[in-house]
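All remarks here apply to the structure that follows.
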Amino acid sequence: MLRMRDLSGGYGPRPVISRISLDIAEGETVALLGANTAGKTTLIRAIVGTLPSVSGVIAFEGRDIVQLPAHRRVALGIACVPEGRHVFGQMSVRDNLMMGAYHRRTEDLGSDLADCFALFPRVRERQAQAAGTLSGGEQQMVAICRALMAGPRLLVLDEPSHGLAPLMVAEVHGAIRKVNARGIGVLLVEQNVSSALKVVDRGYVLESGAIALSGTSRDLQDNDTVRRTYLGI
Amino acid sequence: MAALATLAASNAWSAEPVKIGILVPLSGPTAQFGNNIRNGVELALEDMKETGGLKALGADVELVYADVPAPNAAAAATQRLISQDGVVGIIGSFVSSITLAASEVTERAGVPMMTHSFADQITSRGYKFIFQVANKASLFGEKQLTYALDIAKRAGSPVSKIAILYEDTAYGTAQAKGLRDTANRLGIQIVVDESYPLNLTDASPLVNKLRASGADLVFPVSYFNDAILIIRTMRQQNLDIPTVGGAAGYIIPDFKKGLGDLVEGVYSIAPANYDALPAIAEKYKKKYGAFMPHEALMYGAAFQHMVKAIEVAQSRDPEKIRDAIAALRKCDGFSAGLPGGCTAFDANGLTSVAFPVFVQWRGDDIVTVYPPEVAKAPAYWRGKEVK
Amino acid sequence: MMRSLLIIAAVACVALLLGAVLQPRGYAVRVVCLILLAASLGQCWNIVGGLANQVSLGHAAFFGIGAYTSTMLQIKFGLSPWAGLPIGMLFAALVSVLLSIPTMRLKGPYFSLATLAFGEACRIVATAATGLTGGPQGVSVPFAGNSWLLLQFRGAGAYVPVFVGLFVVVCVAFTLLANGRLGYMLRAIRENEDAAEVTGINTLGVRLAGGAISAALTAATGTMFAQFTFFIDPDIVFSATSISIRAALIAILGGVGTLAGPIVGALVIVPLEELLSAYLSNKAAGIAPLIFGLILIGIVVWRPSGLVSLVTQRRGRT
Amino acid sequence: MIAVLQALADGLMIGGVYGVIAVGLSLVFGVLGIVNFAQAEFMMLGMYVAWFAWRYLGLDPLVGAALSFVAVFCLGALVQRLLIQRIMKAPPVAQIFLTVGLLIVLENSALLLFGPEFRTVKTAYQTRALMIGPIFVSVSYLSAFVAAVIVSGGLWLVLTRTWIGRAIRATAQNPMAATLFGVDTRWIYAVAFGLGTGLSALGGGIVLSYSSVSPTSGSQYVVLMFTVVVLGGLGSVMGALVGGVIVGMIQSLSTLVMPIQLQNLALFTIFIALLAFRPQGLLGSPSR
């Protein structure tokens, strides 16, 4: 579904990520692992289109999207839960969800909303509240629901469990599995490597802007380097 | 200007033209008046050409404009006219503060300047090179009241309580002071004495005060924008007290265009009126499509006075021209349109002849109704003709 | 720091030289004076606007205070403007401290707009307080002939050394502030106020001091202006557009927070205005300011961080 | 007592109008983060459009104001694409600089195009007033006020009930996230700037119904507009309306106890004092 070849890019003349190749198959869940400054968010920004300078190939369902502006990628089926959630704080939760479906601009969103509420019943209760007044975990739910409202084929989540209580982390990861069960591909960026590897099929390890390792989640869990560096075993 | 330039070129045999600087606001908030002055001066120049230019010097007169939208730009522009363009005299400006700032430069440079700005201090600084063709603002205030009182008395409806509403500018405060001092001297009660910031956004507070005061006569001193707000708001509240405007906004063609029939019968004090000069006024109307406002007439007269003085002096020396301006008494052309019929000056450079007149709106025109020696028609007071 | 002082000295020498060779009662020397005044005004603004990034749009308040204090003291008590000058500066500094009580917590546009309102409030007070200021009719400085004692001269040429003096004082003040402890602290506040506070900088005191110095020097410029034009009224010296916003424009056009910024800004803006007015006044009304506005827009779109960035950027590259 | 009621009524009416001319300024700041000193010049252009519509199409200025909105919306959007967009990321001082330049250009373009004279419209209701008890209610203020309420209501509906309105609000709060969900923020910036300037132009049409226009009419309102939006909270639409009414009230009530000359001194004093206690304005959020 997503095919990346020799991708380099960054914010100025010096690239932050270089020559990255990565694949996500239809309906697959893939994790992107690595330390704080490894370039994970930069790679995500290249995929969703908000990175100022990129070169190389990103093909989504066979179409090269490297030059496609960010606001047109969501219509192809890429939706993102950005790092730090970035909900529209002064808008109601419901308006936040509506914004997720902006590229479709249809008022007929009943079933999509129902799907979201099924995933996170708490969101239904909070519908009329301003999103900025919710707790961090609730905002994360809104951010995920908002992305799902876009009707994506690939859901990109950047550090969705960051700063959440363990119980909430479990709920979010559970939701990711349910989403994947609906046939939606997932790219998950996590620092919390052990729990991430329980959710995904495969994973890539990023180091200093380049791919250092890749493999199935089982392979990675067994890999000595991964165990030492990220799992602390 | 283009026409002028070609004219100058065709007279190649003649000497270098004599340059006169026209220092007026052509942009900014008072651009309209600067524009009228330009029209007036150009018409005055045309008028003089017909009677045969500057014979004595064998040269043409060239106008050099300087656009001075605000007083901060006045000094530099004046200096530029004098030392770069080599003008022998300056005409301008409409706004008193611009005139005051510019005359500091003309005085030091020894170049004559003629103005019709009202401010009292223009000719009270003891300066030699500034000439004021109109009376001082305080005199306008005084006459505004005495003229109105006389008309009211003759109409049989004496006035005991008056209201003064004025913008807080140099022109408004000076005129209001004249009104106030005269009222106090004559024992007339001032029931409202209120200044307001220029360019009102809402006139209701003013008119509320006016309505509550029970004044018999109101003197609003304002430019156009405030004038129409005040008059309209008065009409809304059915206040039809006789209204005596303080020149400026009350005697321009736009006043009628904006208020229509509401202007009928409104009085104003004026430094001059075009009906004293029917032939030239007719020409002006044909050329510019509206009646000749007083500033066009006054500056046209000032300009002609200066040109005549150059001819009398037979010199381009500003000092000599200054002396000729001071000595000259000119009673033809535009000068004849001024009340008193002449342009002439006292030792301070203030007009020694002119006096303010009273005008009243009749249809599309303003008519001089007072004092009797210059009146063109009888005044109406509350709709009745005053005998 | 050495380089800054060299720049100031060079500009001062050129101005003095021009003052000496140009026709002393002519137009060109008057333009030199206007440039010096504009550069000084812009530099005063630059102290708070550039170093502390507090975009004041109310500097006309201090300018007007300076102009009126010395002028009224001269008219009412015969005091020389040389004596009125420090009194006006002190008064302006005091007002700036008072103003900072309500405005010190304000940030960004809120600060700018509060100072804009303050400048306008001062204009209204000056207009209404007829007894104190002469009101809207303005006041003329009585002319007593050439006199160093009364700081007034017949021609503009004699003002050049005086204005060069003002210019040098203001620029040196800026340089000392920019390179000294106070400047360092102002910049620290500009970058991150909370962090500056944590590191023990008395942010309030630093701001008050910077603001007071800027206000006092602006008042000095106002006094000089009054002695130069001989006529002031509230609309002239308390003008939001031709003093407050203009001071900011001069500094911004050249480059905010740099010594050379206001100098470059004044060197561009004043001659540009004069040239346009000289050549276009005879054409349709409004053309000159229209072109002036278009040039401003062109410059800011081309160089959003000011004209000085042309030089600094090139040096950065090589 | 009657004087107080009269002042309250006048303040409310004129304040509603202030609200409408200022709400566009607030919108422009809220969405683009730009303090637009040229906003009142767009209002002035709107006054001219309404005047021409009255003169040549016979439209009442309150109706012609719709044309003002459309014309200035297009101009504003164009100005945003050609100029403002280029300095969106520049420091705030550059933005001040640009909008001041724009102010000069617009004012003098109007002078060149329309000449320096004052223009005003004549309508039947201009000289009428209703008597409600002892209170005079000017029909022109009342119609202007009603127009202002309708416009504000319409704006509120657009911002909360339409896709474009949601996209504008989303962009104002978080342009990055808005982009992720398919909002072309550059287009939204142009639309928001057009909408903001268009609303001020529409307000200009409303003001023209009782006032006059000349190329410098904008300068009459520029400081007033800023006072209104800062009092209400920059970027807050409701705030601008509340701010408008407060400013109208202060101006009107202050004349009961002090000279009219000082009405704006009263306004600015309250303005600065209020900022000291609530630096983000009455309804503004502390974030921006």
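Assorted remarks:
Note that the chains are named A, B, C and D in the order they appear, and that numbering of residues resets to 1 at the start of each chain.
Just so we're on the same page, a contact is a pair of C-beta atoms (placed from the backbone, for glycine too) under 8 Å apart; a residue touches a chain by one contact, two chains touch by 3 or more.
Since the structure is predicted, the reported quantities are computational estimates derived from the model, not experimental observations.
Relative to the centroid of every protein C-alpha atom shown, the closest chain centre, again from C-alpha atoms, is found for D.
Averaging C-alpha coordinates per chain places the centre of chain A 75 Å away from that of chain B.
The distance from the centre of chain B to the centre of chain C, with each centre set as the mean of the Cα atoms, comes to 36 Å.
In terms of their C-alpha centroids, the spacing between chain A and chain C amounts to 53 Å.
Across the assembly, chain B contributes residues 26-27, 31, 34-35, 168, 197 that each touch 2 or more other chains. Each of the following residues of chain D touches two or more other chains: 108, 111, 116, 215, 219, 259, 261, 264. Taken pair by pair, the chains that touch are A-D, B-C, B-D, C-D. Residues of chain B touching chain C in their complex: 1, 26-27, 31, 34-35, 64-67, 69-73, 75-77, 79-80, 82-84, 96-97, 100-101, 104, 107-109, 119-121, 125, 168-170, 172-174, 197.
Across the interface of their complex, chain B is touched by residues 23, 25-27, 30-31, 34, 124, 127-128, 130, 135-138, 140, 142-143, 154-156, 228-231, 233, 235-236, 239, 242, 273-274, 277-278, 280-282, 285-286, 288-289 of chain C. Per the touch definition, chain D reaches chain A in the complex via residues 160, 163, 166-167, 169-170, 173-174, 176-185, 285, 287. Listed in rising order, the residues of chain A touching chain D in the complex are 48-50, 69-72, 74-75, 79-80, 82, 86-91, 95, 98-100, 102-103, 105, 146, 150. On the side of chain B, the complex with chain D involves touching residues 26-29, 31-32, 34-35, 168, 194-197, 199, 201-202, 204-206, 208-209, 212, 224-225, 228-229, 232-233, 235-238, 254, 257-260, 262.
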